[in-house]
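You will see subunit A twice below: alongside subunit B first, and alongside subunit C after that.
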Partner chain A sequence: MRRSPLAVVAFALAAASLVLPTGADGPGFLFFSAPAIVFAAAAVALFVPPSRASLIALLILVHVAAFCLIGLLGAFATSGPAIGYWCSVIGAWLLAWLAVQRLAALRFKSPNMQRLSNLALPVLFGAWLLILWEIIVRGFGVPTILLPPPSMIAARIAASIPTLWADFQQTFLKAAIAGYAIGCGSGFIAAIVVDRVPFLRKGLLPIGNLVAALPVVGIAPIMVMWFGSYWESKAAVVVIMTFFPMLVNTVAGLAASGAMERDLMRTYGSTYIQTLLKLRLPAAMPFIFNALKINSTLALIGAIVAEFFGSPIVGMGFRISMEVGRMNVDMVWAEIFVAALAGSLSYGLITLIERAVTFWHPSYRT
Partner chain B sequence: MNFIRNSVVPVGTVLLVILVLWYAFAVILNAPFERDQAARAGTTISTSQLITNTMKQERPVLPAPHQVAEEIRKTVFDISPTSKRSLVYHGWVTLSSTLLGFALGTLLGILLAIAIVHSRTLDKSLMPWIITSQTVPILAIAPMIIVVLNAVNITGLLPKAMISTYLSFFPVAVGMVKGLRSPEIMHLDLMRTYNASKAQVFWKLRWPASMPYLFTSMKIAVAISLVGAIVGELPTGAVAGIGARLLAGSYYGQTVQIWAALIAAALMAAVLVSLIGLIANLVNRRMGVRT
Partner chain C sequence: MTVVALRPKAKTMADAAPKNVIDVNELSLVFQTNDGPVNALSNINLAVGGGEFVSFIGPSGCGKTTLLRVIADLEQPTSGSISVNGMTPSEARQKRAYGYVFQAAALYPWRTIAGNISLPLEVMGIPKAERKDRIARNLELVNLSGFEKKFPWQLSGGMQQRASIARALSFDPHLLLMDEPFGALDEIVRDHLNEELLKLWAKTQKTVVFVTHSIPEAVFLSTKIVVMSPRPGRIHEIIDCDLGPERTLDIRETPKFLEIAHRVREGLRHGHSYDAAHL
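Moving on to the complex of A and B:
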């Protein structure tokens, strides 16, 4: 069988880590187990022919090794881990990469298994990102102010859920969602009007295209001056940020239905409203959902940035700027985590709705 | 003639309407202050007097367009570009970090796209994270990144450029993945029958085919780089740049200054985007695209 060069390198590294000093304080249980498990995993990768069983064994071994390696981090003297430790870390990482490679190459017959493997790949990638982040930050003693390890951020999140929830409520549930709804709604209505009046389409669309590319966040200080520092001013920023992408995309979408279909509607003698509701709006849905997706991230950004220019003593933007001032970087990262989670979830939700609404679109028919 | 009828007249009309609305709102929004002043002085103010007064307030709620134009003229032409009160100076600070971040972001995006197109593992494991990376409101945490990098003595252009890079790599990566995959199966098969190597397929087929995608995403990327650079300037203690002008203006209530900075940023974005459009046209023409 063809041996993967990755496995050979990992095997060499694992063997080296068994003999080289790891820099741990004294011989404990974890002290020897981590390099040994990495070695075992490398042996599986190198000598057992690739099959599903060996892949599962490899995955399990590599993650147990990662667990032990992280556990070892607490056992080091002030000088930090030595060369042997890093050999086993790199070895484990290479093996994990190899496992992901083998998993990606597998083809499953059942669609459920295929879906599971498609989900597992990015999850494994993300997990290793976190593992390496934790090991490198703590192993090299990177100052926590520069980059706190994930474990510290997780502890901070667990400890300050009420604060995070209050901030989330203020910024996301009040400002971002209100602004998003008003901005997208008015952009949509404006697009239908613009589409009805050709003169407006010629005049407003170039300007709309330009404004959609402008740094609209810049109006945040003006909105805070006009609407005060409560959530209304943040919602106003979000409205202006989301209006133009919606306008431009919907107008483009309304032009997307084919001439043939429109002719068909004419031969049916359908009115403007009927053509709009039964042909042009459904045809515009992919474009509208595209705008909804773009806007879902813009809304969160707008709401948080606007809080930098003045806010009550609650809100994600307020918390970020305050905790940065106090150098509590772990709290800032906790807020980032919440924001990323909220952003991803709303993006995912819109994607789900999109799939249900535009089930006819070629990109979903496989 | 067609050009005038189809774009100059409609766009001009809409711009004119916006200008008229702007003046109207300036009068409406600035009037309460004038009435207040008059009431305090114990006099009444005539309507014509009220309107002229609202046009030349020191710190208006909404400055009239000519006030903004005057402020831009003053800070661009009357003050030497090296002075810290010159808009040219601040614009240059923002522009340089925008361009650096944009260049790095485009490069990173192209490299990522090439790696993703050529590796199934990366396509399946990295691509979902690239999309997730953009749901992190990086713009919102940009100030923190700047402050933290400052704390470890990384200052100047680089931190701001990094934010622009993070923002601009995404459209380029996604667009280029699409573009590098855009050659039809037939063409790829033809390359196979020629026994072309991977590098040859890339340089002679995939890369040329991806050009339209590259320029479309570069337009988005440069606009978003500018936004990143401006937001990145907010927390640096308002030293220099368009963002610093915005922040200083909002601290001291200098609305005219805020609007001038905003208009300057808008002009800059428009110029950058149309510049890329121009380059795209040139490249397309050289590659034989007829419009």
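Moving on to the complex of A and C:
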């Protein structure tokens, strides 16, 4: 059996951590169990031939080890973690790396299992990002104002759900979604008009590019002056940010249908509206969805940043700017977490709709 | 009301002229390009009778596709006159007088095969029940029954082109314009589709104008072969091809077939040497 160099190094580190000092106070359960479990996981990785059963065992052991290592962080009252502890951490990390590598190489017959394993990979990646973040920040005693550990952020999220929900409602459900709908909708309609009226294409599109280049920090205070400090001014900023990506993409999409396809409609004596509905809009869909995806991230950024320039005492952007001033960095991170979650969920939702609508596109064909 | 006004006029025109589906008189077309004017078509005279199968053959640049596009009102002639079913090409197009088959199948990938054949019927406002009927009938005509629910990209190139022929036939035009429809297919599929096209032509009694650059294809299919030559695009010779209505692929070995093919080849060569003399 060819042994993976990752497993060999991890085994050496785990063995070293058994004898080297960890720096933890007094012998307790975790004092012994953490290095022991890392060692057991390394032994499985090195000596048991790779199979599904051994991979599952390795995954379980490595995550129990991570759990124990994080628990052990509470036992460094007198001194910081020593060399033995870091050997365990690096060993566990290498083993997790190896496990993910083996999981990625697996091919499942059942499509559901394959989907599950495809989902497991990014989840494991994300989990280890958090585990290492927690261990490094707390192990090295990084000041929480620079970077709080994930556990602290999680505790802050759990404790401030009503505030976070109110902010989310204000910034995402009101400002971002309203602005997104109006911006994308008017961009789409404008594109149809621009496409129909040639002089607008020549005159309006260059000015459109100019407006698209305007910085959000310049637009936002003006919108607050125009529309007041409530969510309407934020929605206006989002409208300005999302209008032109939609306009430009839809105009490009309307030109995407081939000459032959258009001649075909002409031979049928098709009207402008018929050609638009039956040929040009379906052909433009990949472009339109591109704009919808770009705009979904732009809308959230726009709504949050716009709140920096005047807002009622609620909203994600307002909370971020206020809590930074009060040095409550954990609350800032909690808002970042909510924004990231909302952003990726809406992006994912649009991608799902895109797949259903443009199933015929070469990149999605099955 | 315009329809009422037009009808008697169209009728008298058809009565006065011989019953030609297509009449072309001294037609010329000059494209204005960045390199100056290009004589795509020069002094074309042509008559296509009802039920004929006419092929345009010639080297690339001889204007055979352009001539077909003029008939279809996809290009406008610079001078001369042309009538299709006794009307201008534009009127004929608005009245859906012809079905056009392009070099590629040009099926819409977001529509199923049935949906693609339904497309012209939807544009023309034919009710749903009749659409269904016509889709089934025309798919059977091109031997594609059972593929209604497939998407174009799930079919082979030959099947796609057959579906596009079914689409052109779906609204039952009397005139079928085909622009190198089998040019992108391999020879085996091409032979097969040529045979099928002949059967279809015999069955439907349609007038077909067919653009090709293959001599055997032209001789095998046509009742009349129009040999064209380039620069400026013009008709070099019109060859009658009276091989009879019953044709199988075996006919290509007969002396008569070979003789006509030889005449076409000679015609093409003369067209070229004329071109070379000009250079």
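Heads up, the rule we're going with is that the second predicted complex is superposed on the first by the 355 of 366 C-alpha atoms of A that agree within 3 Å, B and C clash if a C-alpha of one lies under 4 Å from a C-alpha of the other, contacts with A are read in each partner's own complex, and residues count from 1 in each chain.
The rule we apply is simple: a residue touches a chain if its C-beta (ideal position, glycine included) is under 8 Å from a C-beta of that chain, and two chains touch if they have at least 3 such contacts.
Computed from a predicted structure; not experimentally measured.
**Student:** For the combined arrangement obtained by superposing on subunit A, do subunit B and subunit C clash, or do they fit?
**Tutor:** fit
**Student:** If you stack the two complexes on chain A, which partner ends up touching A:360: first (subunit B), second (subunit C), both, or neither?
**Tutor:** After superposing on A, A:360 lies in contact with subunit C but is clear of subunit B.
**Student:** By the touch definition at the top of the document, which applies to A:268: first (subunit B), second (subunit C), both, or neither?
**Tutor:** second
**Student:** Which partner, once the models are overlaid, touches more of subunit A's residues, subunit C or subunit B?
**Tutor:** B
**Student:** For A:108, decide between first (touching subunit B), second (touching subunit C), both and neither.
**Tutor:** In the superposed model, A:108 contacts neither subunit B nor subunit C.
**Student:** Now for A:258: first (subunit B), second (subunit C), both, or neither, which partner does it touch?
**Tutor:** second
**Student:** So in the superposed three-chain picture, is A:219 touching just subunit B, just subunit C, both, or none of them (first/second/both/neither)?
**Tutor:** A:219 sits against subunit B, while subunit C stays out of touch.
**Student:** Mind working out whether A:316 is in touch with subunit B, subunit C, both or neither, as first, second, both or neither?
**Tutor:** A:316 contacts subunit B only, not subunit C.
**Student:** Regarding the shared-chain residue A:165, is it in contact with subunit B (first), subunit C (second), both, or neither?
**Tutor:** neither
**Student:** Of all C-alpha distances between subunit B and subunit C after superposition, which is the least, in Å?
**Tutor:** The answer is 10 Å, the least C-alpha separation in the overlay.
**Student:** Once the two structures are superposed, pull the subunit A residues common to the subunit B and subunit C interfaces.
**Tutor:** none
**Student:** For the complex, which residues does subunit A have touching subunit B?
**Tutor:** Touch residues, subunit A against subunit B: 97, 100-101, 104-105, 118, 121-122, 124-126, 129, 143, 145-146, 199-200, 202-204, 206-207, 210, 213-215, 217-219, 221-222, 224-226, 297, 300-301, 304-305, 308-310, 316-317, 320-321, 324, 327, 329, 332, 335-336, 339-340, 343-344, 347.
**Student:** What part of subunit C is in contact with subunit A in the complex they form?
**Tutor:** Interface residues on the subunit C side: 72-74, 93-96, 98-100, 102-104, 106, 108-110, 119-120, 122-124, 151, 153, 171.
**Student:** What residues of subunit A sit close enough to touch subunit C in their complex?
**Tutor:** Where subunit A meets subunit C, its residues are 258, 260-261, 263-270, 274, 278-279, 282, 285, 358-362, 365.
**Student:** In the complex formed with subunit A, which residues of subunit B make contact?
**Tutor:** 6-7, 9-15, 18, 29, 61, 120-121, 123-129, 132, 134-137, 139-141, 143-144, 147-148, 151-152, 219-220, 223, 226-227, 230-231, 234-235, 242-243, 246-247, 249-250, 253, 255, 258-259, 261-262, 265-266, 269-270, 273
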